[in-house]
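Two complexes are shown next, each including chain A; its partner changes from chain B in the first to chain C in the second.
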Partner chain A sequence: MMDINLMVTVLILIAVGGVLIALGVFFIPVGGAPAAMSTATGVATGCEMIVVGAGVTGLFMAATLYNQFLPLVIVTAGVSSAIMMGVTMLILNLIVVYGVGAPLSFARKEYDPITKEHVKPYVTPGTVGHGIPTATYLGGLFGAFLAGLGGALTFSVMYRFTCGAGMAEMLGVLAQTSPNVAAIALSAITAVGAYLINANITAYSIRGVIESWIDPKFEAVPRTLAACFSASLLFGILIVLASMTI
Partner chain B sequence: MGFEALAAILAVLSLIVALGTIIGWFEDLESDAGSQSNPNSQVQLAPQVGVLHRIYNKAISGEPVSWGLIGVTSGMLFSILWYGFHLHPLIAVVASCTFTMFVHLSLAVSAFLGRTSGVKVFGQPLFLDVAAVNLPLIAAHGFIGSTAIVALSYIFYVSFFRFEGLLGYPVPIPILGFLLGVMAGAIGSSTGDIHYGAERQFQQYPFGEGVPSKNFGHITIKAEAGWRTSADITYFCAKYGGPMAGLCYGLILLLDSLRLLAGNFTTSLVGLAFGGLIIVGLFATNRYLEKSARRKFGAYA
Partner chain C sequence: MGESSAPKKVTVEPKYLAVLGLAGGVAGVYLGFLSPLIPAVLSILPIVWAADTVRRIAGYGIGTGVPSIGNLSIGMGVLAAIVGLRFEPAVGLAFAACFGYLYGIIIGKFKVLEIPVFTRCMTELPAGAALALMCLMSAVVGGYSRGFFEANLIPNLFVTGFVAAIFWATSLAIAHPYNACLGPDERQGRTLKLAVGVAGIDITLAGLAALGVAQLSPSIMSFPTALSMVIIGLIVWVGGYYVFVKTAMRESAVVAWTGYPGSAR
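Right after this comes the complex of A and B.
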């Protein structure tokens, strides 16, 4: 017989993971297709895509540290996602600077809130910025870290639940010496599903593009997080039922 | 740990980074060859503003999804051949990627026909020679990319169990192929595409500025000689956009694996601190780049 407390804990942790992913998406500067033409500032792809891409690095790390202390696993995975995002944004800026020949800027604010530099004059007339300046770069790092936390939390909790861990093992160190590859497969698919669901809900909320925390769309955070919490809870129920058949 | 074991780990790490670089590089060039990247919006828009072109357009999904499909198809076939039929991994990689290439080609052809016939009402002709010339290019880049993805998945999976968790990831090969493909698509789409979309696609406009919205759709259709095809675009992007996407992928795998090694040789907290150090280094490099670009380029008048 399944432990009902354990199941409720798993569901709540999956829902919290979904909320973290959604919050992370708000922080990542997403420019969509216009950013690929250097017409807008931000990462030049859809927010689901970049979140899944960044999250995958964290999932790999969480899979490698499958039996370690849970908070340590998810923080390490979050840092992995932040590294992926940091490298991607840096290379993006290198291409914008040396491949397109445009300095990094955004038109949303006159001054960069972090460096207090005047950024508006560096915006090409007719565009709303290009590349990822310091303020949004920091937001991107933090957003990827949060999204990585959420994905790794979903992954690790699902993995431990599928392996039959108790409450102490679920939140602490897992007494396992070799990984259960079938459970890792299920948990990785679950985590990618969680990324796609929550990033998609957030994408509706930010209408596809956002300039990190300096964007007015950031006000939609509470509503979106509530929506993501309920969607992830439903997703968690379905996936927990599915994992019982293994 | 002996010197030989350490040398083996570092050798595998360098192989991982090299394969990662190849994945990012060829993924980006494949998307440029088929205009699958974000700039496909301009290729699709061009006939609507009266600009008829001879550029291949096969975008029916985002790059990450498309490359996730390529990764999972080749990874699954590889697993069947290697694990099920006990084929040598090298033969299994080639066989699985050859099959994946045909799946990729069938999608590329149907997407090209569909996308181009969608803008027929604006007078855009469907050039069959464009398909004939560019398909081998797309197939070749896709084949190399998927080979690298499967080889990397195999190395990650096997080295985790061989090195007792020091390097590699214990994720099944098909899932690993899917995840590495999605990551390759996300990276290629967010870095290398800018070189195609903001520079090569709008080359008749001055260098050194983003593309204003009023120029959207007015893409460059004449090449150095004759009409521009996707092969010209790939030739140009192979000089900067593609290698940079490869550098990005390789750098991510290098930094993340170094961090994993640092954590495994000491304690996890040291690995965490090392990760924090890497992030600070990335931030500082970006800040330097931002300052130097603004100083050198100056403001727009």
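Right after this comes the complex of A and C.
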């Protein structure tokens, strides 16, 4: 009954989505609890919440554009996710600068690689940075864009598969005039499950705090992405079983 | 934190908890046709089992916080639970355990995280989470029966959105007990008492969802059943927390009050 080529395509697209989400998080400056006290650079929340946040923003946009051309859907979702993260980081910088009164800085490098500003002297002794300086801000925007792409790709593929779309509809325009609410609800829950599985692999490999692409922990990217790809392929089998045509 | 911080002394052997959780969860799902209250009540056992597994794995200090483990278990568990309710609950349980085991192998192979008990715990966690979710999801729509996925579950639980509440509440019930109790003086018995209390919250939420289902489709869920599910949940919630607070007060150290107004002595 089921088209085996279609299933394999779905599996691979879900795995690619998982890899994009994981790669995105490496670019986002994750600060965790220290950042909430302005004693570290980055967004003041955990790795996992950022993955799910960026993924779910992509999911919302993908659910709104449920029947559009697939590449258009995922790029739009990526932009929406980048806007979400940009606003989050901007508000955090406003709070750090005007509320806490700390200059934006990080301790990993002497100079900001983008603006060439001398940032290290502004780091308070005993801390590793404050707020989100330019280099990490740009990294965060790009990371959120990648994570949004991944989130939308995972959700759209699951939704189209649940609706019984063929290969042409899967990668192009979906011939539907009104959304299938049951399929959206089912794919949203399974997509959140997939985000959480990938989020944890990234979280274990980052272990708390990362400062975007200037951080030494960036070396862990290849094996983390390999682990995410394998795990997504594995759980993709369950996802395909769970989201067969309703 | 290193290996020395791994939990040592236990009140209940993890083996017994696993057997209880497995037996309770499977019985709960399959006996749902008698009354939806059976899966709702029996979902406590897999939740306690999963909470104990979280306790064992998070005792090593994984560097990302305890809730991440709860969310991971629920992420795997929900996929297996949907497959299980769709085809056969026992198949869903087997998938949860096998895929969790393979996930643990992948994490170890790529050297993402190296914890000795990781693979074993990753087998138990998704199994417990999937059983708890299957119990609660089938309880809300009147118990598991053949072909109820398309007819009952999708229109009543997924389209209405109640599934999101059950999803996160179960994640909370699994992650919260150890997250709240962790520390040098943590004790298994106390943590599991809290787990029973939080499982009560989960059942109460499932009961509230069942109240909604009773209004939407009275043929599969009657109003008194839904109401008694809420009441059972409230009893477990309040009872679990009462016992937990009593235990915590008995085992806590005495603190001398030095503030204002002055102490009695």
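We adopt the following convention: the second predicted complex is superposed on the first by the 244 of 246 C-alpha atoms of A that agree within 3 Å, B and C clash if a C-alpha of one lies under 4 Å from a C-alpha of the other, contacts with A are read in each partner's own complex, and residues count from 1 in each chain.
Going forward, contacts are C-beta pairs under 8 Å (C-beta built on N, C-alpha and C of every residue); 3 or more make two chains touch, one makes a residue touch a chain.
Given the structure is predicted, the values throughout are model-derived calculations rather than measurements.
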Point to revise | Contacts of A:I197 with chain B and chain C, given as first, second, both or neither | key: second
Check your understanding: Which partner does A:A185 contact after superposing on A: first (chain B), second (chain C), both, neither?
Key -> both
Exercise for review: Using the touch criterion from the header, give the chain among chain B and chain C with more contacted residues in chain A.
Suggested key: B
Review point. Is A:R207 touching the first partner chain B, the second partner chain C, both, or neither of them?
Key: second
Review point. Does the superposition put A:N93 against chain B (first), chain C (second), both, or neither?
Key: first
**Study point:** Touching partner for A:T9 - first (chain B), second (chain C), both, neither
**Key:** neither
Exercise for review: Please work out whether A:A54 is in contact with chain B alone, chain C alone, both, or neither, and reply first, second, both or neither.
Suggested key: first
Practice item. With the two complexes superposed on chain A, say which partner A:G46 touches: chain B (first), chain C (second), both, or neither. Key: both
**Study point:** First (chain B), second (chain C), both or neither touched by A:A227
**Key:** second
**Study point:** Overlap of chain C and chain B interfaces on chain A (superposed complexes)
**Key:** 46, 181-182, 185, 189, 192
**Study point:** Complex contact set, residues of chain B against chain A
**Key:** 37-39, 41-42, 62-65, 160, 165, 168-172, 175, 179-180, 182-183, 185-187, 189-199, 201-202, 207-216, 240-241, 244-245, 247-248, 251-252, 255-256, 259-260, 263, 268-269, 271-272, 275-276, 278-279, 282-283, 285-287, 289-290, 293-294, 297, 299-300
Review point. If you look only at chain C, which of its residues touch chain A in the complex?
Key: 62-65, 67-69, 71-72, 74-76, 78-80, 82-83, 86-87, 95, 99, 102-103, 106-107, 109-113, 150, 154-155, 158-159, 161, 163-164, 167
Review point. Within the complex, which stretch of chain A touches chain C?
Key: 46-48, 181-182, 185-186, 189-190, 192-197, 199-201, 203-208, 223-224, 226-227, 230-231, 234-235, 237-239, 241-242, 244, 246
Point to revise | Residue ranges of chain A touching chain B (in the complex, touch as defined) | key: 32-39, 43-46, 49-50, 52-54, 56-57, 59-61, 63-66, 68-69, 72, 75-76, 79-80, 82-84, 86-104, 115, 117, 121-127, 129-134, 137-138, 141, 179, 181-182, 184-185, 188-189, 192
